[in-house]
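Heads up: the structure comes next, in structure tokens.
Note that the chains take the letters A, B, C and D in the order they are written out, and that residue 1 is the start of every chain.
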Amino acid sequence: MALRKKVRRIGVLTGGGDCPGLNAVIRAVVKTAVKNYRLSVVGFENGFGGLIQNRSRELTLNEVAGILPRGGTILGTTNRDNPFHYSMLIKGQRVFRDVSDRVIENINIQEIDALIVIGGDGSLSIARELCETKGLPVVGVPKTIDNDLSATDQTFGFDTALNTATEALDKLHTTAESHHRVMVLEVMGRYAGWIAIEAGIAGGADVILIPEIPYSIEKVYEKIYERRDHGKLFSIVVVAEGAKTAGGELVVQRTVEDSFEPIRLGGIGNLVAKQIEEETGMESRVTVLGHLQRGGTPTAFDRILATRYGAGAVELVMAGKYGEMVCLRTPKIESVPLAEAVGEMRLVPVDGDLVRTARQIGISFGD
Amino acid sequence: MALRKKVRRIGVLTGGGDCPGLNAVIRAVVKTAVKNYRLSVVGFENGFGGLIQNRSRELTLNEVAGILPRGGTILGTTNRDNPFHYSMLIKGQRVFRDVSDRVIENINIQEIDALIVIGGDGSLSIARELCETKGLPVVGVPKTIDNDLSATDQTFGFDTALNTATEALDKLHTTAESHHRVMVLEVMGRYAGWIAIEAGIAGGADVILIPEIPYSIEKVYEKIYERRDHGKLFSIVVVAEGAKTAGGELVVQRTVEDSFEPIRLGGIGNLVAKQIEEETGMESRVTVLGHLQRGGTPTAFDRILATRYGAGAVELVMAGKYGEMVCLRTPKIESVPLAEAVGEMRLVPVDGDLVRTARQIGISFGD
Amino acid sequence: MALRKKVRRIGVLTGGGDCPGLNAVIRAVVKTAVKNYRLSVVGFENGFGGLIQNRSRELTLNEVAGILPRGGTILGTTNRDNPFHYSMLIKGQRVFRDVSDRVIENINIQEIDALIVIGGDGSLSIARELCETKGLPVVGVPKTIDNDLSATDQTFGFDTALNTATEALDKLHTTAESHHRVMVLEVMGRYAGWIAIEAGIAGGADVILIPEIPYSIEKVYEKIYERRDHGKLFSIVVVAEGAKTAGGELVVQRTVEDSFEPIRLGGIGNLVAKQIEEETGMESRVTVLGHLQRGGTPTAFDRILATRYGAGAVELVMAGKYGEMVCLRTPKIESVPLAEAVGEMRLVPVDGDLVRTARQIGISFGD
Amino acid sequence: MALRKKVRRIGVLTGGGDCPGLNAVIRAVVKTAVKNYRLSVVGFENGFGGLIQNRSRELTLNEVAGILPRGGTILGTTNRDNPFHYSMLIKGQRVFRDVSDRVIENINIQEIDALIVIGGDGSLSIARELCETKGLPVVGVPKTIDNDLSATDQTFGFDTALNTATEALDKLHTTAESHHRVMVLEVMGRYAGWIAIEAGIAGGADVILIPEIPYSIEKVYEKIYERRDHGKLFSIVVVAEGAKTAGGELVVQRTVEDSFEPIRLGGIGNLVAKQIEEETGMESRVTVLGHLQRGGTPTAFDRILATRYGAGAVELVMAGKYGEMVCLRTPKIESVPLAEAVGEMRLVPVDGDLVRTARQIGISFGD
């Protein structure tokens, strides 16, 4: 690398699904940049779309005052708008174009020396490509509410989602007990069952179904019957949206981020509740937690982790560690190449401590 | 009435859907009966079913210690089991029988001098019939989370459900804003839109659809377009499960208390979200709050109202006011004949203050 | 009154202690004014101080977006700055001057046709004086977290404070039980014991001390001994900051709004805890809830009431009902002369339903 | 060691200050013991006192049903009652006796094969002494809400206390901003400032004073002045109860666990608020969070950690690892000798990542 330019001004954007803690990252980036390094900061709106169209605003200390406890992102975000594959209408026809040069142009117009991208797999892949193919000095902050990134010990937003799911279970418990019902809660987790297993343990579930452990519906019935035989006339079942039967295939393919269509057709939670009611004759009800998991004020843990990520990202910039992203190696904030962000997923270890504890206290995984 | 027997022992049961505050009523009944009047109390399990089968337990002060903040009912409850129309299997065939004499028998066996029934329309109707046709000395406590009972100013459980729905809207707001989406929240309210209108005002909704004001989907689009024209790229829509179009018919018949089937087929919230996305092209997502509205620790208001109801019910018993139920005539607890419990519904006044306020701050009812 | 000027522009300010729901009032004022009546709105900063110094800002729809769930007031507030008795430093000496003409001047400079004052006793008295002596067209919105205003059924902020106090009692309960301690909670209420009695009932208190019912510490001991004799080795005592002994005088004069000095010297809560520990030998601990009661996101009830007040205040302006303030006459928003705002206090009725209920379930008032 | 006896029955007790998650540990101990290993479990009441006096009850699955979300401990706890130094009244005089033989006697009477002690420094020291000097087969579960134990990565209860403190800061923020005040929050942490630093970062504090970093009050003024110069007319200060000035001595010696006396005399929070108001002339208010930090329903994290500890403790018993206690070595539950429980404290590393992040975003430690 040639002689590194002195950093005076940085850009920041948020991409992918919203997540509690995004504002805490933005705030920490601005505070660290302005207070500690006397940089200026510009925020691009709505993910890479704002970078492509140069829609941005100056992020001063005043702009980020009071946003720490707020959910969502003041910059806006989107799951779309890839500069290497950008959807456009040309003569009434939808075509996809590589507009990555516009990104570089806008970076130059804004006189930005480095870009911080806060996002998930998709956004960080784009960030990496911009860095590698266009030489954009970029630093990443990982974001996945599912906590399924192997490159970091934990991601912000997860603790908030977990507590939301646990509170939901507390609420469903009283109905389950009072009515002698089976209450099924469907939570996020397309590939990894972190929210399901942790909320299940924290919320006193009897059955937890996660993608990592294929289940048999008969084993679920067995657990419910076993409880009934011990005088427990209700049961709580937590289902990750990506749970699948031992047959190997997803029973129902859907996720909270898809269009609403699949919800109408019914998710895995509905299916499981229906099967249980038909088999056992016990009243069964399903609750799909959906977007409630993404919202709300972040927990203390998520605010702290997000703040550390934000401050750490500015440090990476100042150290010229482009193409890297911050990560948590408990108890330290470190960095890894962006490539690792999109590498292996962090799944719930099937033989790990958490599954073991759950089994010891009598929770069934339907296996 | 002949010379009234001195009351020494009372029974209590909870019927119908569970509701935050039921335990607070039970606790107040027991505390008032035991501490204030030196009575003993027996609780029947699972609504009228427990009365028919004489499944009960002694409710001492210890039994009710610590239950004030807990959701649900320690006695269990059910929507079934009408003693005048009791489902039985005789020679493998389901038949319905009048077993109300068994109720009287069990009351006599237990040496109960009066019965307190905490329940909704259905349970209070049965209570009234037992009182009128069998001479059972019964007193009622009204329960409906929908707050749709004309005989009382407010019912317990409603304030908790309202706050749960409002918190859900707070969470959905951040996603709506960050993603420029239309977020639809479906809440309880088959006939009356109290939760929808109050949560809608409290949660900053842009559109509120309630059963009392038939809506036109075109008016909903209009509001969303109007906001878009003013630079507001997101909208929040609250829909009562009983909302209906100006055509007059319910679009989708379902409720949280039905079997899960209708949820699978899709409720009014799904329909509205789908229509909005198809018409406006804006991403739209639906959340069905469902059973989460019935659970959880009751708010202070609900605990106080429930406590006042419980203490008031014992007073009615001591005053020999059988066939009556407690009610709130702000700020007093009074009583009305049980007949009124099942009379007129308390609907949201279409020309009332609440609707007027909502319209003044720019909320659309789709009319 | 002469021909009334058409209203085109209104001013708004918040005065006195902060209170959950102030932002909801401001938002409703702006939304109703702008959307419904096409007025413009200017907000004065920090109560009457901003009006005296003409520190203000335009309140557009954008300015009030997102403030509904936020505690505090975006306009700032203060307990000082009376235009009829304004503190100034002249030649190094503190003197008080009548600067009310400056207020009128600034109102004219800003071309404001009517002023909405949101505040307590003090602020509304000033508002009334400005109206009566200077002819300022002013409308009031009552604010007192203590809920002690006889002119209105309930004030916003109270329900939030009540729930905060109730949650605190829930937390203290577990410590009390686990450690067999007496836990004393001191809550707001200098003259009226609304928070204490309602939180006490909702939070399962054993003793409630309020200004309206002078207590004897011996009666408090008695209750604690009575519980101990029944095997209850812990007790919960709620004390309003204005509670006083039967001797008639306040034991300790302090309030959360005073300077911190009195807290250091010890409030009534500390005294009661100390007396109990010394007399009974049971470990006793005090918690002073203090400012936590004033903060936080408002409950649904408070947001709705505040919104109704805000919309109602603009209606009063449009109807030319100056010198009046909005009030709640359940279930309607009506208006009364400002004079009534500073009239009689709404105290807890000593023989009312609430006290009666509390006594029936065994709560002692120390009398 | 001789041939180990087959374990059939275990005892469990909780000692020291209460802490969110204690019930979750007890529940996991019982569930794992009964369901997984077919053991029976007896719970001793009120710490070692119950073991000395043989006050206990059988802990069945029913006994622990529903306790997962509840704060406190169903077994009761105390900071007193050391069997090696037991306080007794003999002929009217208080004397201390070694009654550890009674403990062994009661263990034998109850036919208990192993004892699980859940407690802090004090309780685990006693456990260790019973193990080493009396040969009692004991296993420990560490408990300290201050999170200051070097032998484990994190202790349960801390996350709940942290979130309680953070929510308090959220509430104080609105008052601080609305009134342009300095709000001081005093939190637990006699020797280690974990709650203060983490809540301070999560709650957006401007100044954090912790025992590990001696402060100078002048530096605190400086920060407040610096903010004022930038137009920020309010500040938030978080003070650990053990914070001390650079002079080296504790300014005020008190703690939430002491008798109420010191609170009356004023803690460090009061002192700091008073100094700030006197120096800067800005209104300053203090809130002492006190026992609110120990109560309430545990967060998801604390429930999971407590559950893992409980299950892990039974495993230690089954493996015959007596004299050990469970600990978290992220992400695994492991064990260490009890001696380590009372060894080195885990202090906030003065040069660590957390302090560094806090400084980067502009937080002052008063140094």
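Rule of thumb we're sticking to: contacts are C-beta pairs under 8 Å (C-beta built on N, C-alpha and C of every residue); 3 or more make two chains touch, one makes a residue touch a chain.
In this text the structure is predicted, and so the values were computed from the model without any measurement.
Any chain bridging chain B and chain C, meaning touching each of them, is missing here; the list is empty.
Centroids of chain A and chain D (each the mean of its C-alpha atoms) stand 31 Å apart. Computed from the mean C-alpha positions, the centre of chain B lies at a distance of 41 Å from the centre of chain D. Between chain A and chain B the centroid-to-centroid distance comes to 35 Å (mean Cα coordinates, whole Å). Under the contact definition stated at the top, the residues of chain A that touch 2 or more other chains are 170, 173, 177. Viewed as a contact network, the protein chains form a single closed ring in which every chain touches exactly two others.
Residues of chain B touching chain A in their complex: 14, 17-18, 22, 46, 70-73, 76-78, 164, 167-168, 170-175, 177-180, 183, 256, 259-261, 263-266, 270, 273-274, 277, 283-288, 290-292, 294-296.
By the touch criterion stated above, chain D contacts chain A in their complex at residues 27-28, 31-32, 35-36, 61, 66, 68-69, 153, 159, 162-163, 165-166, 170, 173, 177, 198-199, 201-204, 230, 297, 299-301, 303-304, 307-308, 310-312, 314-315, 330-333, 352-354, 356-357, 359-362.
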